[in-house]
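Let me give you the structure first, and then I'll get to my questions.
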Amino acid sequence: MTLNRLLSNDLPRSKLLTAVLLTLFLLLALAPFIAPGVNALSVAAKALIFIVLVASFDLLLGYTGIVSFAHTMFFGIGAYGVAIACSRWDATWLSLGLGIVTALILSLLLALAIGLFSLRVRAIFFAMITLAIASAFQTLASQLSEITGGEDGLNFRLPDMLASGYMYLEQPIFGVSISGRFLTYYILFFAALAMVLALLRIVNSPFGRVLQAIRENEFRAEAIGYRVVVYRTISSVLSALFATMAGVMLALWLRYNGPDTSLSFEIMLDVLLIVVIGGMGTIYGSVIGAVLFVIAQSYLQDLLKLGSDAASGLPWLAALLSPDRWLLWLGVLFVLSVYYFPTGIVGRLRNRAAKL
Amino acid sequence: MSGPLLTLAGVHTHIGAYHILHGVDMAVPRGQLTMLLGRNGAGKTTTLRTIMGLWRASAGMVTFDGQDITQFATPQIARLKVAYVPENMGIFADLTVKENMLLAATKASHARDIDGQRLNWIFGLFPAVEKFWDYPAGKLSGGQKQMLAVARAIVEPRELLIVDEPSKGLAPSIINNMIDAFSQLKAGGVTILLVEQNINFAKRLGDHVAVMDNGRVVHRGSMAAFAEDDALQQSLMGLTL
Amino acid sequence: MSNTLTASGPAKPAVDFDWKPLLLVPVLALLVLPVIGSPSTWLTLTVAGLAMGMIIFVIASGLTLVFGLMDVLNFGHGVFIALGAFVATTILGVMPGWTASPELWRNLIAVFAAMLVAMAVAGAVGLAFERVLVRPVYGQHLKQILITMGGMIIGEELIKVIWGPQQIPLMLPEGLRGAVIVGDAAIEKFRLLAVLMGGLVFVALAWVLTRTKIGLLIRAGVENSEMVESLGYRIRRLFVAVFVVGSALAGLGGVMWGLYQQTVIPQMGAQVNILIFIVIIIGGLGSTGGALIGALLVGLMANYTGFLAPKVALFSNIALMVAILLWRPRGIYPVANR
Amino acid sequence: MALLSTTGLTIRFGGHVAVNAVTCQFAPGTLTAIVGPNGAGKTTYFNLISGQLQASSGSVTLDDVDLSNLSASARTRAGLGRAFQLTNLFPNLTVLENVRLAVQASRDGTHRRGLNLWSIWSDHRELTDRAREILNDVAMQDRADSVVANLPHGDQRKLEVAMLMALEASVYMFDEPTAGMSADEVPKVLDLIRKLRKDKRNTVLLVEHKMDVVRELADRIIVLHNGSLVADGDPATVIASPIVQEAYLGMAPGVQTNGVGA
């Protein structure tokens, strides 16, 4: 019952889906113990970051029906907020906090400005306009090198308690040293958990239902008395704030930020792909999609390299299978999933469960 | 060849989730004027759009001149010399009257290629078309647009002319023009299918009548008999006050 | 009914051409003159801006018609730009005798050959793009955005497979290098050629659109494609033709853009795409004349701010778009029924 | 005392006057049918009242509040409920969710609940209970969990009425509520509309072609023709009036259409 409430009465509604989600939850919760290696833990941390980033985008795309290409801009603002604060000031909790708050305020204002401006123009312009704004922002970030470190980005230190050299216990537990790194991972884990549950709550609130109504039939939502513009704008702002927090998580983990790490258009494409493959308008889809994607990205490139080596007799095939052409296969996967898999993994599993 | 020019047999049409036509059966005899009457929402416009291939019949068959055209695309149907004037008239507001006419003349690539004799005859029927030849069509009044829409439909010889509510929103004098034009066309051997709500207009023109209700044709017969029978009109159309 | 058209006597067409937007370009150019100060710098920048604007127009014209005619939002248009530019590197690469020749006519033939091949290739790929990616998602905007975006990623990666992922120089032929000196201002020769080419494309497009039956069909189709079909024309076929021509023009624009920048990279399509979107939003979706004015404004703005405040160059174009949309929310020349 | 009134309501499209200076009052507890030939401006008049179109001139007042400059959604919040000629629902949500969205938007201040981000929707029992009550009223309780897109047309029309009932408006506007319905479905919808009138504070406006329906339901008829109000009165008088016979049945030359009733 409490679990039910924690999930805002929005249960997975499919046994298989429940099993998958439970497995992912345990994997991520125990990642430092299951896979103590530096690389494996980074994969898990990246999955946590993407879960939040994608789930926040789902609020916009899946629930409100808005296509925005400016989502990584807010992700970048979160990461830069932490990076700039911690590299300019001392590595204290105060600077970290100030960085986060400033980033959230900036995201809020920007999202509000974009939302209010888009009132003036037709809905189909929104995707194009956000694309232009995101691109301009990325250029700006790499050019204002005094502040952002330009193309090189910023390396910075965090409070000592989060450093990998900071040991909380002298002896490792189950072979895992309880370091600042360990603590950072669990901060990310619980932050991600809390934010996913919060998003689940928002989409299942009276507000969330109005968003769905707007997605389904904007005209009618307006006609029964909802101010569509207000709801859309709030949805954009919330989605931007969560994306900013995902950026904060990224910076906490990497202790570095640069334009390619958090602002690149490729990340935006990844987010789109994950949300489509996972299942738009489900939140759970973001969780499954993000984990699958991060694992694929980390290990499939190795697989491609194997294929490429095996095909070395055929130069063109080898070129197609080169790990550098990872994005090519991503693109193909993307197109195929939009055509043949429009409800995504979660949609498929739920349909199957409903038919049984 | 005898027999009806156009027939519909058991035609069903769905628009999205909505089932609009529930098995329409009707025949449009050659060289005569058939009126399709009925209340709003009875399915008249959907029937015309299904004939034109703008909506696809989900069941049943449409034949034209003995040929099954149910699966034909709209342009293919138009090229069988079927002209269609939709309810909103389909005027290209950004183009001039001349350009609107030129578009309908499928064989002409310039206005000067349009059959001059036919054009003069059209100018005689609808003087406004000549008068506003170089105007953007969007500037015309509603009645003038309706005249242009019909003029456009007959700029080339047609076998079948399908018009959705030609009298809608027209002043009485223009209605007389319309009636005159349709009579002349019919005299020239054109088969005409009109949707109407205006019974008086229908009475003055129609040879045959088909009345629709709830997505079906519920009455077929001669216009003369229908016009005589007030009770029938009332029961079918609910129009008599 | 109508108060203007009921007067008797021969009616003359009302002259109500919307001329205000035409003033935008000269007004913008004159407004920045005092800011820049030096007239010769201003002239150089203005010519550069017009050249860039013309190139952008060549690319944008196809996209705006594709949108207008079939309501298709193509986010993959940029891939044809990059494709055209890379094809040009190959063609100019196999014609060293022609590009290095001191004779201008040989240079020009090399450039035109590169343009023609680039257009042919981009047009052919455009045909495949329309068939495979766009056709299944007619009428579904969300899917169109996603699918064509996916198409652009695939195209960009395939370009990397064929030409490699790195930046490739695209050198101007001998005779087109250097500048013409007008007073104190140096005007690069290629920019003059770009203005000329852009002008030719505009005139050709305008001629086709206003003087031919095909153009009439396109304009009518942008307004009401269903009625065009009811008159017996196959609008889909027309649309495919427009898509192919639009892709070919993007390929042509790509060659010009590459020569203008003198280098090409696989990502150039995505970069230019953003400018193109700004242009067609400013111009009014579906309007060729609007696209021309929008492109010239964007080209000028990019060059002026590139000189005055290079770091905010792209933002200046967004600001321009915002200003125009506040003035006319549907763009400079909104098309009826859209 | 009029609940709703329009004063000199006019809209022009280009040179065409679609609704011409229509002045009319609607008292509480009445059901007025608006009739007229196709193209007479009935739906346009509706759109002007409900705010889907902005008038060129003239005003709309509800309970002495001028609505003329308000958006459609603000007018709904002020108490104008409107159903549409073409079915206009949230197709991928369930029947219950559709009605609950309307209950949530209803007039007693609860539309603000839409801005509640932090409660679980299904916890709002009072919304669900009210929605189920309304579904009971329209005899659709067993359809509550069906997805709207899969409903037969008649049920979608009934749901349209149910959503309007849920709004608890003071003025209910129906644009051909029985269009495209099979004969056995029509009486059900008419019963629903009758129910709405039970509360005497309400006003119902109805655009309708079917004269049998109008006769059965309306206690007043107004006739629009070419955008102008040409007749107004109780059904018997209006139906008997020759000018209406002409206007409605056909436009024989000589019909005077200007200035009557306006």
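Order of writing sets the chain letters: A, B, C and D. Residues in each chain are counted from 1.
One rule holds for everything that comes next: a contact is a pair of C-beta atoms (placed from the backbone, for glycine too) under 8 Å apart; a residue touches a chain by one contact, two chains touch by 3 or more.
All of these numbers come straight from a predicted model, not from anything done at the bench.
Asker: By CA centroid distance, what chain is farthest from subunit C?
Answerer: Between subunit C and every other chain, the largest centroid distance is to D.
Asker: Based on mean C-alpha positions, which chain is nearest the centroid of every protein C-alpha shown?
Answerer: Minimum centroid-to-centroid distance belongs to C.
Asker: Need the CA-centroid distance for the pair subunit C / subunit D, whole Å please.
Answerer: Centres of subunit C and subunit D (C-alpha means) sit 48 Å apart.
Asker: Between subunit B and subunit C, what is the gap in Å from one C-alpha centre to the other?
Answerer: Spacing between the chain centres: roughly 42 Å.
Asker: Measuring from the mean C-alpha position of subunit A to the mean C-alpha position of subunit B, what distance in angstrom results?
Answerer: Here subunit A and subunit B have centroids separated by 56 Å.
Asker: Please list all residues of subunit B that touch 2 or more other chains.
Answerer: If we look for residues of subunit B contacting two or more partner chains, we find 138-139, 141-142.
Asker: Note the residues in subunit A that touch 2 or more other chains, in rising order.
Answerer: none
Asker: Using the touch rule from the top of the page, what residues of subunit C touch 2 or more other chains?
Answerer: Those would be 1-2, 4-5.
Asker: Which residues, counting only subunit A, touch subunit C once they are in their complex?
Answerer: The touching residues are 65, 67, 117, 120-122, 124-125, 127-129, 131-133, 135-136, 139-140, 143-144, 265, 269, 272, 276, 316, 319-320, 322, 324-325, 327-328, 330-332, 334-335, 338-339, 342.
Asker: What residues on subunit A touch subunit D, complex-wise?
Answerer: 5, 8-9, 201-202, 204-210, 212-213, 216-217, 219-228, 230-231, 234, 238
Asker: Which of the residues in subunit C come into contact with subunit A in the complex?
Answerer: 73, 75, 133, 136, 141-143, 145-147, 149-151, 153-154, 156-158, 160-161, 165, 270-271, 273-274, 277-278, 281, 285, 310-315, 317-318, 321-322, 325-326, 329-330
Asker: Across the complex, what residues on subunit D touch subunit B?
Answerer: Those residues of subunit D that touch subunit B are 14-16, 37-40, 87, 91, 149-153, 156, 176, 178-183, 209-213, 226, 239, 244-245, 248-255.
Asker: Name, in rising order, each residue of subunit B that touches subunit C in their complex.
Answerer: Residues in contact with subunit C: 52, 54, 73-75, 78-79, 84, 86, 90, 92-96, 99, 102-104, 106, 108-110, 131-132, 134-136, 138-144.
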